[in-house]
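Each of the two complexes below includes chain A, the first together with chain B, the second together with chain C.
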Partner chain A sequence: MSALLAESLISSLNVDARIDDITKATGWLGALAEDEGWSQATRFALELSLEEALTNVVSYGFQDSTAVPRIRIECYRLPEGRVAVRLIDNGMAFDPTTISEPVVPASIEDAKIGGHGVQLMRNFLETLAYAREGDENHLTLIAGKPD
Partner chain B sequence: MKIESQPLGPGLVLVSLDGRLDISGAALVETQFKATCDAANVVLVDLSHTPFMASIGIRLLLTGAKGLRRKGGSMHLCACDPQVEKVLIATGVHQLVAIHATRDEALAAAGSSSGT
Partner chain C sequence: MHIEREQLGSEVVLKVAGRLDTPNAKPFEASLMEVVTTTDGGLLVNLAGVDYVSSSGLRALLVAGKAMRTAKRKLTLSSLQPQIREVFDISGFSTLFEIT
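Then we have the complex of A and B:
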């Protein structure tokens, strides 16, 4: 993923690796959606994807890591009404784009209770891109492709 | 996030979920939702006041639906926000749990499956 233009940065937020900060982050994004006038679909896609991505980072990213957690979220305005959210953390390397799509079960007995986060990000986003930069995961979420 | 359970008949309960079913919302309603599914046979879940649902919400619904199915019961969802319905479809929940457009339609289906 090419570097996003610095001048298109709308806002950024640092959060701690704790569950309560996931809601803080989606609340921050919701306020940006109001200010920027995003469509309902764009807002939902980004809030959902940020919640899922950040849940993974907070729950697993620092499990076997001795690093002091640094988690930063940046939001960018892109051309043609698109919006990008970038999640940067210094947790263990994890590329969600390599997770395979779960098979839709034939019956409720076979249904997997968990593991739907990446599936949802793929479904709701136009682009889900990952890069490992030094000791950091950079996950880019892009939504808002005009209909 | 709030949850309200209203008995409608023998083994039939209407659950109204009010608020965002995200990681903090799910934590607030999880215990009562599970207890309701444990005690009932057919559970009708009204999602008309649930504007947001993440995978934690899918987990909550599927756990409840599985438990109901094991004892021969069922779960019915109704009045979903379009984006929430997209979440249900993207995760395949609609193939496992009945989704109805309105509470009345869900009541008709739930009533007949609970034998009341």
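Then we have the complex of A and C:
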């Protein structure tokens, strides 16, 4: 999954480890969606998944880390209309693909607060892939599978 | 995000528009909880103007939903756009809330 070709890179963005920069990231992705003519479904899948992943990194990735946060987002054009977004950060190692699906609760009293971000990413994306490369988390989100 | 509040008899209606994302989740939750703590009737959240929701937005609704259930009061959601409905279906939230 690390073989995303440099020549297919459309754009990249560096953000800070703060909640307000999530708006910066989703705004950047929305502008790319317009420029590239992505379908509404592709745009929603990537925007939602990037937000979920970035929220995790910003909220927890640097909690127990002494590293100066570096967060970079890259967007790649793939064959057959697919799009890949890669989120790279130097926070604590965290592989969201290992998170188990939350149990659907029987009632609102039983419902646990949290844990739905990865579930939404899995459902809306074609591929969710993780690799730890050196001191970095590399999370790849792919959407846009033709119907 | 924009929220309009109306009082209809004993029920409060919150008309929400915009994005229920991580940056907006805290003010959204605060608006919901303000109704929960300062009124004693039902709460209807009209989501017709909401075109985006992430797990942070769901979380805010769940916090309010639990508080309303504990108080034995009615919380209803209405007018979900198809993509928002899909997020509710995937997360199982469609069965936790009364949706009209």
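Criterion: the second predicted complex is superposed on the first by the 146 of 147 C-alpha atoms of A that agree within 3 Å, B and C clash if a C-alpha of one lies under 4 Å from a C-alpha of the other, contacts with A are read in each partner's own complex, and residues count from 1 in each chain.
As a working rule, a contact is a pair of C-beta atoms (placed from the backbone, for glycine too) under 8 Å apart; a residue touches a chain by one contact, two chains touch by 3 or more.
Keep in mind that what you see is a predicted model, and the values were worked out from it rather than measured.
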Overlay on chain A: chain C relative to chain B, clash or fit: clash
First (chain B), second (chain C), both or neither touched by A:E52: both
Which of chain B and chain C A:G114 touches, first, second, both or neither: both
Chain C-contacting residues of chain A that also contact chain B: 19-20, 22-23, 26, 40, 44, 47-48, 51-52, 55, 102, 104-105, 107-109, 111, 113-114, 116-117, 119-120, 123-124
Contact footprint of chain A on chain C as seen in their complex: 21-23, 52, 54-56, 58-59, 62-63, 65-66, 69, 83, 87, 90-92, 95-97
Chain B contact footprint on chain A (complex, rising order): 19-20, 22-23, 26, 40-41, 44, 47-48, 51-52, 55, 102, 104-105, 107-109, 111, 113-114, 116-117, 119-120, 123-124
Chain A - residues contacting chain C, complex: 19-20, 22-23, 26, 40, 44, 47-48, 51-52, 55, 102, 104-105, 107-109, 111, 113-114, 116-117, 119-120, 123-124
Chain A-touching residues of chain B, taken from the complex the two chains share: 22-24, 52, 54-56, 58-59, 62-63, 65-66, 69, 83, 86-87, 90-92, 95-97
